[in-house]
Amino acid sequence: MTITHETIFTDVKAIRKTSPLVHNITNFVVMNNTANALLALGASPVMAHAENEVADMCGIAGALVINIGTLSDPWIAAMIKAAQAAEHKGIPMVLDPVGAGATPYRTDTARELIHRFRPAIIRGNGSEILALGDPGAVTKGVDSASKADQALDTARALHREHGSTVCISGETDFIVHSDAVIRIENGHAMMPRVTGLGCTASALCGAFAAVNPNPVQAAAHAMAVMGIAGEMAGETADGPGSFQVRFLDALYRISGSDIQQRFKA
Amino acid sequence: MTITHETIFTDVKAIRKTSPLVHNITNFVVMNNTANALLALGASPVMAHAENEVADMCGIAGALVINIGTLSDPWIAAMIKAAQAAEHKGIPMVLDPVGAGATPYRTDTARELIHRFRPAIIRGNGSEILALGDPGAVTKGVDSASKADQALDTARALHREHGSTVCISGETDFIVHSDAVIRIENGHAMMPRVTGLGCTASALCGAFAAVNPNPVQAAAHAMAVMGIAGEMAGETADGPGSFQVRFLDALYRISGSDIQQRFKA
Amino acid sequence: MTITHETIFTDVKAIRKTSPLVHNITNFVVMNNTANALLALGASPVMAHAENEVADMCGIAGALVINIGTLSDPWIAAMIKAAQAAEHKGIPMVLDPVGAGATPYRTDTARELIHRFRPAIIRGNGSEILALGDPGAVTKGVDSASKADQALDTARALHREHGSTVCISGETDFIVHSDAVIRIENGHAMMPRVTGLGCTASALCGAFAAVNPNPVQAAAHAMAVMGIAGEMAGETADGPGSFQVRFLDALYRISGSDIQQRFKA
């Protein structure tokens, strides 16, 4: 799978042209950010979490993004109902396992959603992806040189078992599919100091998956655009407050030449 | 009903002077934005959605704003209880039918709230207002030259049946009451790229309705201030991130001469 | 208890170095702000409110912050469970009684949490602290020269009865413990025009309490940093929108010499 500045910008243009509806069931902390990031890029966000309407909402959406931050039982019920509707309709589902590993409730919920619905894309940080693995496999760990390598092993196992494209975000972003790994080297040091940029990455995966049937490209394109917009924002930011503002402006303004000049894989 | 820069600024000054408490039952995505917009203009926002306290909160508020985004059953129960309290106390209620037409759940809830409580002001975009109409009446549609005209017909029907002032927001904002229509031409092209500015418009309708007993003037003044603040923000914004920041600054700084110079009806 | 620019900056450095996990059960309006403020300062925020996981989350946290804005019954149940876990683990709990006095539901919940769990720190504005007092004691009121004095009397009573350090925030912030009162004079006039800065102060109390076992110092340091960052932000802000952005930037950049030059007690 080749990712180039052209393949990235082709999808950006498709999002801007078709403005795909992305249905998000996401956490309270980041709803505003992810909605604004989708709008800035050109997609159309909708947030809906009631069991009464998630299937209807999926019926008009181009992708479903499920994010398990600030989880609770009624939301899990809605996630399951929405995932069933997405499966039935054949739209891609992105899963963000926020906080998997922090509590059994999050870990178990993420695993259940993966086992039952085989998301097109799973995006998390290294710890979260690690937590999704078979605990036995991970903790034996003697063959792994580092936590990052362990997360890659877990990602490969998730791909083998469920067919999901797995994205591990961090200083380098890894997109894992079959035995190949795509590395994206864009980004900015201030990104971890803003809440919800991981969740935003997952939301953008949804937008790209809505216009590109290949989940590997969709995930790689989303991570590249996140990283490039982060670099554009970071150049003039005085801190995480101004970074956020400029990040949204960058998603709105990002051009083919910005991508061409900055893309690093 | 005449709307002038003087009638608008008289209400802005009244909001700044009396700081009316606006009780919002609104969606998770925009709570922060609408609270900040109300504060920036000079009003005092409160968000409360528990059945246990909405009636008490209405008891100390000057207006109630109900917004059906991110809807769920417990929230509907609270909306009904709050609307009853607002009716009993005689404070104006503003309804924002977010997503009416997208799912039956939203459409049905918006219609029920209108039929039972006859909001002083209903504010939505064209599609949402259209969705509130009698489906038969709307779909016959042969007399309507455009979707905008259809929404105006629906707004007029809502006014006739329930007495509500209906505001259809868009590039031009229409405030419909009896057979007359007020047009507000202010605004900026970047406004649809920021989440929750429609919800913010509804929240400001609440602030204006709290200081002005005439819902037609209240709605028109709110839409004019939204549009003018949008123009002020848009002049120097690099994208939707900086637009949001400057929009709040503009609501805070807006002066009588800003309104005089910019108001277009 | 002496508070100096050195004691303040020692704690800021400890937060930046150890990045304590602060578990927040807080209201929907401010979740994003308080998470971003904690991140900007160098702490690590987590928001979790499900009964299923709050005890597990407390088990890995350095402090618990409970904020009763946008309250509802399931959240109260989770607050109680989290407070029990915090007590059991011996981590400090901060209570923000948002809206106490506005409705009986809020007042009663705040009082119950105080009586059962004796928070290390209670932080609210004058009206909220007043509402927590014994109604009889407050309303007799003939010995109190002003509402601020009444709130101080209530704070002293709360301290005597429950051992809590009580912080009354306002133009001057008062930190009340035993019979002594610490006054912090930093701050900026635009702070009340931004939603959630009181909630942010409580969240920062949690971060400081996670690195400093003395709740009086923790609360005073948090209020000083809030006020100083507010002054830094206010110097170049055009309104509450740009104020918010610069406030986060200031929390991120605040240095020992900023504190030395600005701290006013």
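Letters are used for the chains, namely A, B and C, taken in the order the chains are written, and counting of residues starts over at 1 for each.
Criterion: contacts are C-beta pairs under 8 Å (C-beta built on N, C-alpha and C of every residue); 3 or more make two chains touch, one makes a residue touch a chain.
These numbers were taken from a predicted model, which means no experiment stands behind them.
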Arrangement of touching chains [line / ring / star / complete / other]: complete
Same-residue or different-residue interface between chain A and chain B, half as cut-off: different
Cα superposition of chain A on its sequence copy chain C - rotation in ° rounded to nearest 5: 120
Where chain A and chain B are represented by their mean Cα positions, the distance between them in whole Å: 33
Multi-partner residues of chain B (at least 2 other chains): 28, 32, 244-245
Touch list for chain C against partner chain A, complex: 28, 31-32, 35-36, 39-40, 45-50, 52-53, 56-57, 60, 74, 244-253
Residues of chain A defined as touching chain C within the complex: 27-30, 32-33, 69-73, 99, 102-106, 192-196, 237-242, 244-245
